[in-house]
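Shared chain: chain A. Partners: chain B in the first complex, chain C in the second.
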Partner chain A sequence: MSLDRPARIHAGVIVALLAFLVLALPSMLSAYWVDVTTSVVIYAVVALGLGLLMGRVGLVSLGQIAILGLGAWVAARLTYATSLPYPIVLLLAGAMSAVLGTLVGLPALRLSGLFLALITLMLAGAITVVLTTTQFPNGGPGFLGHTDSSLGSNAIRRPAVASSDTGYFRYTTLVAVLMFGVVVLHLRSKAGRAWAAIRQSEASALAAGVNITRYKLWALALASFITGIAGGLLAGSVGKLYIVQFPISGNILLLAAVLMGGIYTLWGAVAAGLLIKLLPALLDNWGLPPDLLTILFGVGILQVLITAPEGIAVQLPRDLGRLAGLLSRPFQRNQAAREEAP
Partner chain B sequence: MIEVSDLTVRFGGVKPLDAMSVTFDTGTCGLIGPNGAGKTTFFNVMSGFVKPAAGRVHAFGDDLLRMPHFRRARWGLRRTFQTEQAIEGLSVLDNVAMIWEHAKHEGRGKRDEDVRGALSFVGLEVDPAAKVGTLGARERRLVEVARAVVGRPRVVLLDEPAAGLSDEETDHLGAVIRAIPEHMDALVVLVDHDMTLVSACCENTAVLDFGKLIAAGPTAAVLRDERVVKAYLGTEEVL
Partner chain C sequence: MTVPALLGLPSWEFFKPFIVTGLALGGVYAVSGVGMVVLYQTTGVLNLAFGAVGAMGAFIAWELNNNTSLPDWIGYLACIGFGGVVTLLYGVAFGPPLAGRDALTKAVATLGLALILLGAMSWIWTDKARSLDLPTTNSGFEVGGVMVNWTQVIAVGFGVVMTVVTIVFLRHTRTGTAMRALADDREITATLGVPVRRVEASAWLVSGLVSGAAGLLLANLVGLDAATLTFLVISALAATLIARLSSVALTLAAGFIVGLVNAMVTPILSISQYRDMTPFVLATIALLWVSRKDIRVTGLR
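Entry: the complex of A and B
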């Protein structure tokens, strides 16, 4: 496949960024910041799922954090119960989440907009209630695999090749890149084109022969699948899972972060991951109250709605470009004047 | 050939289509009538967006109304919309390709050839990689027509394709529409208010008024028909 110049530059930037992330960054950071960066990558994958639903198909879901919790539960249960290789564990967590996410999303075929958002939020609430009662597996007996005794509860195992924190960060980044790749492939295929048609107008999509039910379900399944995989990554990352890691309010914060990051480009998901995980860590580090995050997100949402509906992933490069243009103008003027002078 | 018999559509107490019976034979057929006559409703019945209360539509021997709506595109039904509906977020090429993908075709290998064929058929000279959102009204119309003719169409419904175009642009569009039956082997039904375009494209024309068929036949004769003139201009009884 031949690429034109902008596409080649884009690809070059991505490769350079990944090389820096995987090779250089971990050795520059303390253990705490490696942890934070790992969760940024995981939540970028979660944001990727929601961005796919909202930006590409036009479905609003407020249940993604619950599906993340579900994926984490399945992965945790499997690591305690079996000695399956970690990639298989991740795939099964993704598959289980896809099944459940699709069932949860069935109303999406009839509902849209606010009503769909409400239904998914209620189902997220239901999942959270169930997980609060059953708790997460921690090596205990039975199907639920939970024991209250602090003895004998080992941390969730990690892949053998990535048992250290930096190793696990690299592993997570690799899986995240694969997930982004899967989404890119979809967007460039028949499915992506059908989604674009559905998002613009269901009537014209129908007239074009798109089976709207099938493609909406496929989008829900795919988004839930990658969110479930992110859940599996999270399980290995934190070692111990607690329901407080998956609060219902997290669904709304995720939506805000995804809107701010931008739903029409995949970079928006990266921006959303940074907003939802790096920003709180920075606030904490600077000794600012964590509640400030909610205020910042509120202001951020307003900012995005008013000045850049396509999100900061588009706005930032554009405005930086403009700024560079403004800053370089005096120099260019001087040069032009010099050239004009005899 | 499309045979419509006793087609009735009810929206509550209103009947946008009232026992409409008409046959569209070959080539390009016109369907005209004043605003609210039921032309777009008829297209919506064909597309499956509106379920008729009674009546049948047979196209080339197949019962169209019994097909699920998304299957009709695969069968060979294409349409354009009054407000043009090319997909803004996709490139020109992808816009046409997505119709092809859901149509009947001879293997994936022929995709690019068919898509580029449709684009050159409508005479669209823009970068195929350009996003449709960046194009002007004329180009977007032509993209929509290219979408309507790609992938072996059998029936092409055009809903006011010339709306908002200049005379020159309409002339070009007329030439494209006239060429569809021969080049694509499809039956075209053209709805438009531009009688010059309808006269130029259609040998036969049917006229709807308040959901009823009031005239059908050779276009020139239909346009002179007294009932048609009355439907468009009203009667002489003023006060």
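Entry: the complex of A and C
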């Protein structure tokens, strides 16, 4: 591999971070915080999907949480109905979500911008109503697999290799890394370049011979696939699923978190995962009301749109860099003065 | 057997009360939709915080009526006034910095306002069940065996009257003409010496007042719940989308259709649980229908 120096440092940092995350972190945390960290990882994957659509292709979806719920439903149904290995369950959940996401996306070929965002919000609303009525499978009979009695219901099974909370956290992290890897591969290949061209200008992308229809649909399918996999991970993580985990307002909160995290780098997805899952746990820990988070996200949307479109993942390092520059300026000036002196 | 019975439809008698609820809700959706369309055409902002603003106004009215000794009508006025003030402040503060951005960015920014209000509401007024009753809800009359209360009458009347007033206003007043001009072309309108900021501010104010009034009515017709009232904006949005975000008269009709279909599905047991899907499904169909051709929002009519 011929990587230049900054790229090697970047890769080294990522490997070190992952090693710490998988090997050291779980033993340092209590069961509660392992749970929180698992959901941070899962929502980072969800944010990855939306970030891909918004930052790379320029499509805004207000229905990602509904697709997450759908993926969770499919995964839960499969774990009760079959004894398929968990990776297959995840793949099927991802595939089903990809099919639905693409169907939802078909109008995206004609609609653009505002109207696409609105249609995804409408379809998210429709999916939420359906999921509210059918409820989530909990081991009951029939196609829906839901029973109201507490006797018939049991928790969604986890992969055999990862039945403990720590084990499941490691499993989740591994799958998440794979998802980030899939996206990185896409961005470095023909698809990534096509998306970049579409985001810049559809007219010039068309002129350059990019098949806009195909690549837009491909982006929607990929983002939905990733979100469906995250849904499958979520199903195993919580054991029992309820519609309150997928409210319509969740779609908007996710959009806020992804915008605040930053849509032009993949680190933004990690930041969004932290914002949407770690922050509420911290607020709860400090005895602050969770509604503060909603208000903060609202302010965040306005702030990002007006002053900082790149989000925390880009803004924070740059601001820290500026701060460091500011702090080191007196020293540099002294040095310059010394060098000038004869 | 008759055809309706074969389809599993209940007899006509069961539908009657739902016509009244449907029309009342439709009236509020219509007036909300008209408020959103006029604001969208004048300023380019699709205000997705419309429901949240009205909801917060309704909670303020509840607070004033239950925890102070002020007369009730002050609470109701405060609700409408709150809608106007908050929307105007948002428009004046965030309208100009976002004026050059695309419609999507402007709409997403209003989601920021919606989240702030939603968070504030569930923080201040926790999830305890509340109800806000206008005095008009407790009295009514009977039509063809169905009880109709005055709030429902006001809702329908408000929808129709506001639409007619808006149409007349847009056609025959100076500000209305300026608004239509802005909808057609912002730059040219500014060059012709129309005070763009002032015309936009008036659109923000009026649409805000309408959102307050709609919140007050919906809190009566549906219930006083922050999340429900905030997301009822989707039903109004469905009406505006059916009207392609441009025709005020069509928005009125679409509002009534959304309200009626939603309510009429209730007594049909087989699909009753799915009735909340109505606005989403209608709006999706409308969007797909509109997108048959190149989607271009035409001027304000």
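In this text, the second predicted complex is superposed on the first by the 325 of 342 C-alpha atoms of A that agree within 3 Å, B and C clash if a C-alpha of one lies under 4 Å from a C-alpha of the other, contacts with A are read in each partner's own complex, and residues count from 1 in each chain.
Everything that follows uses one rule, which is that contacts are C-beta pairs under 8 Å (C-beta built on N, C-alpha and C of every residue); 3 or more make two chains touch, one makes a residue touch a chain.
All of these numbers come straight from a predicted model, not from anything done at the bench.
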item	value
First (chain B), second (chain C), both or neither touched by A:N211	first
Touching partner for A:I301 - first (chain B), second (chain C), both, neither	second
Comparison of chain B and chain C by chain A residues contacted	C
First, second, both or neither for A:L121, with chain B first and chain C second	second
First, second, both or neither for A:A197, with chain B first and chain C second	first
Partner chain(s) touched by A:G113 [first = chain B, second = chain C, both, neither]	second
Residues of chain A that touch chain B when the two form their complex	190, 193-194, 196-197, 199-201, 203-204, 206-212, 264
Chain C residues within the chain A interface of the complex	46, 94, 97-98, 101-105, 107-109, 111-120, 122-123, 227, 230-231, 234, 237-238, 241, 273-274, 276-277, 279-281, 283-284, 287-288, 291, 295
Chain A-touching residues of chain B, taken from the complex the two chains share	47-49, 69-74, 78-79, 81, 85, 87-90, 94, 97-99, 101-103, 147
Complex contact set, residues of chain A against chain C	60, 107, 110-115, 117-119, 121-123, 125-126, 129-130, 133, 247-249, 252-253, 255-256, 259, 289, 291-302, 305-306
